[in-house]
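Here the structure is laid out as structure tokens; the discussion comes afterwards.
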Amino acid sequence: MAKELIRLEDCVVRFDDEVILDSVNLKINDGEFLTLLGPSGCGKTTTLRIIGGFLEPTSGNVYFDGVRINHIPSHKRKINTIFQRYALFPHLNVFDNIAFGLRVAKVKEDEIDERVAEMLKLVSLRGFEERKITALSGGQQQRVAIARALINKPKVLLLDEPLGALDMRLRKDMQNELKRIQKQLGITFIYVTHDQEEALAMSDTVVVMDKGVIQQIGTPQDVYNEPKNAFVADFIGESNILDGVMLSDKLVLMFGRKFKCVDKGFAANEPVDVVIRPEDVDIVPADSRHLCGTVTGVTFKGLHYDIIVDFYGFKWLIQTTDYHEVGSYIGIDIHPEEIHIMKKSAYSGMFGDYSSYSEEYDEINDPSIVYGEDPGEEEYYES
Amino acid sequence: MAKELIRLEDCVVRFDDEVILDSVNLKINDGEFLTLLGPSGCGKTTTLRIIGGFLEPTSGNVYFDGVRINHIPSHKRKINTIFQRYALFPHLNVFDNIAFGLRVAKVKEDEIDERVAEMLKLVSLRGFEERKITALSGGQQQRVAIARALINKPKVLLLDEPLGALDMRLRKDMQNELKRIQKQLGITFIYVTHDQEEALAMSDTVVVMDKGVIQQIGTPQDVYNEPKNAFVADFIGESNILDGVMLSDKLVLMFGRKFKCVDKGFAANEPVDVVIRPEDVDIVPADSRHLCGTVTGVTFKGLHYDIIVDFYGFKWLIQTTDYHEVGSYIGIDIHPEEIHIMKKSAYSGMFGDYSSYSEEYDEINDPSIVYGEDPGEEEYYES
Amino acid sequence: MSRALKIILIVVLFFLYLPIILLIAGSFNTGTDLAVFKEFTFSNYVALFRDRTLIPLLLNSLIVAVLSSVIATALGTAAALGIRSFGKRFRSAVMTVTNIPMTNPDIVTGVSLSLLFVLGGKLFDRSNVLGFTTLLLAHITFNLPYTILSVMPRVTNMDPSLREAAMDLGCTPVQAFFKVVIHEILPGIVSGLLIAFTMSLDDFVISYFVYGPSFATLPIEIYSYTKKPLPPKIYALFTLLFAMLLAVLIVMNIVSGRADKRPRCSNITQLVFRRKDVEKT
Amino acid sequence: MRVRGLASPYLAWMSIFIILPLCAVVYYAFTDSVTGEFTLRNIVSIGNYWPILIKSIWLALVSSLICLILGYPVALAIARAKQSRQRFLILLVMLPMSMSFLLRTIAWVSLLEDTGIINNILGKFGISPLPLIRNNGAVVLGMVYNYLPYMILPVYTVLSHIDPSLIEAAKDLGCNRTQVFLKVILPLSVSGIISGVSMVFVPAVSTFYISKKLGGSGTTMIGDVIESQFKTAYNPNLGAAISLVLMVMVFICIGLMERFSGSEEREALM
Amino acid sequence: ETAAAKPAVINVYNWGQYISDGSDGLLDVNAAFTEATGIEVNYSTYESNESLYTKLKTGGSSYDVIIPSDYMIARLISEGMLQKLNYDNIPNYASIGESFKNTLYDPNNEYSVPYFWGTVGIIYNTRYVDTVTSWDALWDERYSGKILMFDNPRDAFAAAELALGIDVNTEDESDLRAAAELLAAQKPLVQSYVMDQVFDQMERAEAWIAPYYAGDFITMHRENPDLAFCFPEEGFNLYIDAMCIPTSSTNKEAAEAYINFMCSFEAAAANAAYTGYGSPVNGVAESLELTEYERGIAYPSDEILSKGVAYLTLSKEATQIMDSLWLDVRTDASTTSWVTYAVATAAVVIIAAVYLAYRSNKKRKRAAKRRADADGAR
């Protein structure tokens, strides 16, 4: 499983002097489910096209099984792709679409029949052989695209936002199906999405990209719990991102108050970004032992309520399953493990601000509010 | 606020003898944020087009402020629309797009300049006046569409999946922005989406549709907590839907065991659908007082884990923030208020089955498993 | 492979332009024979401008070509917009009938139209119906299928909600067409117009049957030049015409090409500057 | 709903100027030229013209094929050119059509004659004059020359609308360039080929000027016969009958082509 | 009632390039007419007697002056399509040569005023062709592939009939068939059937021998002095194109004024100089700048002219027989060639059909098999 299959080394892509991919280094292991995650236009498809052989990097190397494959055309790579909009052949029916790769490889018709039947079973599309592609729903087209790619027994399957066009329910179902197929066949999947939930739910490894640069590579838990910078923190789920100062190892200053945490290795008094996930905040009755604030907004989200709480003019998002009225005064409690410290980056100050949630839009800019008016009252807030 | 503004009365729409909308009755109040929610192709856009005046219902009436408006063309209605793919005019720049309605109404250029500037401020697009529409990102296009519709000061704004094309983060931001604008201007919003989270987060009233029929109308809480049938239960979030028999008021039989609940008014021994939300299930140590099962799957979802638990061969989805290993034996606990009873409907048996989550795909069909093997052991499971 | 394609493209273009080059050369030739270039001269152009029949006939041709292509394009555009909203079966029936003039030999179209006009003339008791009007009607008729077929794809590809958006913002259907829809289908309209214009300018067969004594076109006159070898001033005439069309097309190409190049990122000062310009007007 | 009304002027126009004349043709085809009574004689006497009809169809078929063979690569080359250059190339292909058809044919005559330009040049190399004109080949050449743009245009339109990701998908599934062309591009452009072939075949089969100028002593086309019936022999009834038969045959041909190649694909592309 | 009160426009329908239009420093005849009388001229052109006939027959347009050839005039008269002229309005008629009056087609001088006359002879290139005296030269195998022939049935048949010694106005079917056979026999020798292409092809020696109009010979001769002209000994066509007024004319007086003007010396001289054809107006021939050789051909002696024969209009049946025989000649009814085409066409169609049928059949079979397999699996 841990054997390296594909490696991108310092890959740079330029279009018309515009840098689209900036020095991308990426290692993909055999049998891994790796997801490229990032906002639209960040270079996900471009990365995939390099691996698929549809694009040669302007500079840098691509290795497959240790062999440099920069110049090997796509039809000679043991890699298959599911395209962003499926790219099914409209002139062929379901059967012929799936059989396409085998026919090109001049496989015997008998064997084709057999293998297509097998694939159709795998994607639960038996009985659809003769259907025109245009007479299929989005989800069915999706599955034909999967079958068409898988029938060639590729070592690697590239999937470019395969679920983007589907509605929520269908998307969830297909996520499970894809995961099941990957496990069943043991193929390496390189998956592109801009949906963080999808990325977290399906992958072994998540690669977060922005503006052609890889921001973080890690397991879903890593990326979610230990984001490397404000961009990742914000892109992977909701986050409250606060300015802090690292007083010493395991002690951070926010709102002029000291909080215990578990991170270390920063310089003394180094300014940092502090991430606190909305669901990691526990609401407790307001008292002097806790940081207290006023609820300024509540939204029902099905699973939970989104609550906006105003702490000295800075608005936090808190997710909880219990209802709290607008105007109620509450305290909060954060475990030291839930306080994530990040080095300052180019993204600092750009994300994690929930002020726009509330009606008092302009209040955040009110210069009269001074953070940490009552310092030193307590050493730190206990968990 | 509670004044009725728009009413659809028995609206039927047929295309080529196919019934697209079947006897839709709907009341929309002034200043309300009403969302039409349903899967693709269920008739949401069609409903909106009737209100907007782009389509006359085959039969039935449309009232606006008490006046029948079936035959009034769209350009004479005080209703504006944000179209599914924005429908911005590609030959005009941002300024001219937004000014379009005013120019048609022959408003003076001075006033146009002023009002467009105001709108651009509202949607945070100042400085983009001269941009070509094609040089805007999806989110910016979206905001131009909003500005273009709002500048005409409509009484009602129709929004047809305005956020469908945006990525997750942008979608969240725009949701907040739209909600803010609606509150700020006090306009009636009729909003179409197939994203249940979006519907729940934004609306005063949610209208759940399927196959051209309104399935349920209610507040987000109503729809989520008291779904009328299996379709609604399943479409609004994840649900475990089980067959049950209503033994008497407040007592339901599932798995051959009796459970306390809070619903009443069913016939004795009436077969019913029972909905249990995955997040409403509490996991407790396995003991004889609780329903116990084996964990067969765990997926990390960022906010929580999705856990599949096998109870006598029937798989439940449970959402929890605590990790439980695959193979561990656990008990569950359900409050009587969390057990929702629904009458049987055409949708019964179609949803709420999480068997495909697990690898042992075929087990569900194993006829050797008998539900409720140990009946009468206890009267019912306590909460 | 792509080099082979390029070579074929160049060869075919050469093939297409070979006779044109010959005719242009012929317009500067002192002799009447295209195959033998005797001496270079402008005298053919002088003769052309002295000629008192060709120029008016050319004007006639241009008038008919312009009017018929504009009317056919207008009718055809409206038809394409309308046909799109028909049911599937009726739509395909209409399209079949639309194709008839294209599958009919020209001469049959010409004869049957002339019969129709004469019959119409008898109904209205006019013995002299053939003339400008009938010529125009006939040209519009044979131009219509081409305009419809070139506008149709544009209309089908257009996002229908653009029109609805315009109406939503208060446009009447007519305003919606002129303010929005027309911009979307313009390329189709322009190419339809061009095709119709050239077809009409060059038509001889159909025109022959429907023209009258009071109004003829250039191709008819040229076709009847059987008594003597073709005078080279004819080549001069068509060379001029060709040059004019070429110029128009090049200008159009440059103009629309410019419009295509959108400013990628706009300079803010430039924006402010332009904004002021708008305010002034 | 109201949009539908936009087509009504055209529908009226169509019934007056297309359907009514068509009825006139049918009426003429079935009436006697002298007595004006109903007769099948015109239709029956078409038998005399079978040889010409078949030869015309053959030459038109050959021309359409050559147009296809020449036009397809050109369309492909244009579709693969830079976006900004495509329109220019298309205009370049269309432009020769704006020069008078009669003159262009005359120019071909002076090129192809025994003492024409080409044979003159060949003569300089000591090659004796080739029989370039006054044979079927010259007629085919004339037709190809005149109708080639009608082939290039529709094929180009279809080719330029093929989703590039389909081509990538084919490569991804193991196709080399030739296979991509044969298995994806060609089948997807069938609708363009069909409309191109019919746009060339239809006018070619009924042409009459080209064969007069470029044909030899034996090259008479069915178009010439129709013309002579209407103009020289003044027997419009027979002329109408021949054109009716021709029209029906053309319709059947085009109908068959579209049926066999499946019109769904065309819809799929739209 | 005065002429001035009438609409002063007339519609003139003439052959193409058959009137002096002001080029080569000659008189612009139509303009001069308008200047002289104030009557505007709508001038349009046709390319053959038959198209003129078609146009008139179809109706829908009214012409005031037309200029058909002799046999067509007879036909138009017999079909009642011409008006009698009021010769009082055409005083210049007096200057028309006597030999052009009381013609076969208009024996009583009621309907027409001659415009031009001409002869048909054989033009040949003296470099390649021995001196020609007879129509037989057109059947001379030595000139195979270099012979041009008329591309209209009447002139072509006349040539054959004259060669055979048959009356050019015969309506006898066996005579016509004999002529057709002769034409068919000539066909392998013929380079092409042409009309106005004669000019280029003869001037450039692309072809060596061709029957054509004497007036056009002068033009060609000036380009290529090797060319010579012969009045065949068997006889030849002598034709007259004459101005007439069709019944559809609404402006007869103005039309007669136009006809009168065309008979004036200036107009006739300009036209004769422009076209090269023979003018029937007295004195015009003498005024033209022609060499002696040219004059002998354009205006031959009475002795030669006496061999000329005029075409008469043929009955409808004879015309149809001639047309269909002509078509047979032109289309080469020799069966072998058309069978080849038929077989080739059929082969293409059948191969295509079989291939398509085979493909769809195969597809259907495979689909059926698949379905059967699937059922079996269930």
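Order as written gives the chain letters A, B, C, D and E; numbering starts at 1 within each chain.
Note that in this section contacts are C-beta pairs under 8 Å (C-beta built on N, C-alpha and C of every residue); 3 or more make two chains touch, one makes a residue touch a chain.
Just so it is clear, the structure is predicted and the values come from calculations on it, not from any experiment.
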{"item": "Most remote chain, CA-based centroid, reference being chain B", "value": "E"}
{"item": "Interface with more contacting C-beta pairs, comparing C-E to A-D", "value": "C-E"}
{"item": "Maximum centroid distance from chain A, chain identifier (CA atoms)", "value": "E"}
{"item": "Chain centre separation (chain A, chain B; CA means) in Å", "value": "24"}
{"item": "Approximate Å spacing (C-alpha centroids) for the pair chain A, chain D", "value": "57"}
{"item": "Centre-to-centre distance between chain E and chain B (centres being mean Cα positions), rounded to whole Å", "value": "84"}
{"item": "For chain C, residues that touch 2 or more chains besides their own", "value": "33, 35, 115, 173, 223"}
{"item": "Sequence positions of chain D contacting 2 or more other chains", "value": "1, 110, 113, 115-116, 230"}
{"item": "Of all residues in chain A, the ones touching two or more other chains", "value": "none"}
{"item": "In contact (per the touch rule at the top): chain pairs", "value": "A-B, A-D, A-E, B-C, C-D, C-E, D-E"}
{"item": "Chain B-touching residues of chain A, taken from the complex the two chains share", "value": "39-41, 138, 167-169, 173, 176-177, 180, 183, 194-197, 200-201, 220-221, 224, 234-238, 279, 299-304, 306, 319, 321, 356-357, 359, 361"}
{"item": "Residues on chain A engaged by chain E in the complex (per definition of touch)", "value": "95, 109, 113, 117, 126-127, 129-130"}
{"item": "Chain E residues within the chain D interface of the complex", "value": "48, 50-51, 53-54, 57, 149, 151-153, 187, 190-193, 197, 200-201, 204-206, 316, 319-320, 323-324, 327, 330-333, 335, 337-338, 341-342, 344-345, 348, 356, 360"}
{"item": "Chain C - residues contacting chain D, complex", "value": "1-2, 4-6, 8-9, 12-13, 15-20, 22-23, 26, 33-35, 75-76, 78-79, 81-86, 94, 97-98, 100-109, 111-113, 115-116, 137-138, 140-141, 144, 148, 153, 156-157, 173, 194-195, 198, 201-202, 204, 219, 222-223, 230, 234-235, 238, 241-242, 245-246, 249, 253, 256-257, 260"}
{"item": "Chain C residues within the chain E interface of the complex", "value": "32-33, 35-36, 47, 50-53, 114-115, 117-118, 121, 127-131, 134, 208-209, 211-214, 216, 220-221, 223-229, 231"}
